[in-house]
Amino acid sequence: MEIELLAFGIAKDIFGNGIQKITVTYKCSIKDLKQELISKYPKFQDLASFAIAVNSEYQADDFVLSVKDEIAIIPPVSGG
Amino acid sequence: MEIELLAFGIAKDIFGNGIQKITVTYKCSIKDLKQELISKYPKFQDLASFAIAVNSEYQADDFVLSVKDEIAIIPPVSGG
Amino acid sequence: MIDIKLSPETLNLESCNVFVADPAAGAIVNFIGTVRNETKKQKVLRLEFEAYEKMALSEMKKIANQALEKFDIKKIALHHRTGVLDISEIPVIISVSSAHRKAAFLACEFIIDTLKQSVPIWKKEFLENGEYWVSATP
Amino acid sequence: MIDIKLSPETLNLESCNVFVADPAAGAIVNFIGTVRNETKKQKVLRLEFEAYEKMALSEMKKIANQALEKFDIKKIALHHRTGVLDISEIPVIISVSSAHRKAAFLACEFIIDTLKQSVPIWKKEFLENGEYWVSATP
């Protein structure tokens, strides 16, 4: 399935874009998505870490994504 | 010798005045002054504590007073 | 009661303090972040803050509600700036009121510490030798 | 750098923060005391602050200098009010700037804690059943 990823901070620089479409397997988990991202965009491996938020909530690696979700890549935050 | 005492807060209420003259012995220490105050104005004994400042500095019980000093009675402070 | 704001406009300390004022409060503690002219011995020219706005607001609200649960405080204002900020400008203001001061100090520190860990806002430093997303790489 | 003030006039937070602002500061922490409407379950009508002015200023200066020695901070403003204050009015403002926030929080708490122990300022509470000098008797 094709999902749309929101990207911020350094993730946006890696994609060259704030929104990036990517094709993943059906019932793709966050762990699967992270592996897919690292294989397609090796620069993700250089990050200190990155999290995935689904519908504005942090979700763990076993969370399964759906096409309707708003999925965002959250590199290390640095507000304040 | 006669010394002049500045009084603040509840000490001012005890004297009924912000400045009070009092006669003490020559070479009177702060300890002596406190005893003199308690004997002349027993209400000082009701205070949680009181300190004596000489020329705007807290001084300990063994400090010896002189007529030229600015002597102040400092009941428990409560600023802030 | 909480007042959360994320804005490209200059933050206003007075409005935060007016919000948290309470006749039953004996203390207000403010944390005001200010843009430093230096980081790790390098000169900072300016900063840029980018936010995932919807989620940032929801995480800021969560933190404020956690603080209200954890500490005996009255009200919280938590305002964060976005966009380009020059040296000495203010990226964040936290204002907390409480009956007794200790709770307001603890809540204010808790809020800024937690914000820096979880709120999806990113800071880019503009240094003389280039631009860097803070903390992005190890 | 320190700015100490004891005044019968309304205190001004902005002027404190302008004083402590510093391009090398990343944080400003404010403590603002406010008059509470209640003490020990009794309604407070107003407060009156009396100071031994000369000594209060000298003790406030000592505390600020101690804070500068103990903590890695930049500047301090410490303003205290005298006279009669109504509910929600401000008896004290402390403003501290620092490169990193922890030092400003610690210094601000140190200053208010120490002020309450040593600065010769006295607070009279006007309650419905009478007037009391705070902490005067056990």
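By written order: A, B, C and D. Residues from 1 in each chain.
Just so it is clear, contacts are C-beta pairs under 8 Å (C-beta built on N, C-alpha and C of every residue); 3 or more make two chains touch, one makes a residue touch a chain.
Because the structure is a prediction, the values reported are computed rather than measured.
Number of steps on the shortest path from chain A to chain C, with steps defined by chain touch: 1. The greatest centre-to-centre distance from chain D, using averaged C-alpha positions, is reached by A. In terms of their C-alpha centroids, the spacing between chain A and chain B amounts to 72 Å. If each chain is reduced to the centroid of its CA atoms, chain C and chain D end up 23 Å from each other.
For the pair chain A and chain D, the distance between mean C-alpha positions equals 49 Å. Residues of chain D in contact with two or more other chains: 33, 112. Under the contact rule defined at the top, the touching pairs of chains are A-C, B-D, C-D. Note for the complex: chain B touches chain D at residues 6, 8-10, 12-13, 46-48, 53, 56-58, 72, 74-80. On the side of chain D, the complex with chain C involves touching residues 13-14, 17, 21-38, 87-88, 97, 99, 101, 105, 108-109, 112. Across the complex, chain C meets chain A through its residues 33, 49-52, 54-56, 58, 80, 91-92, 112, 115-124, 133-138.
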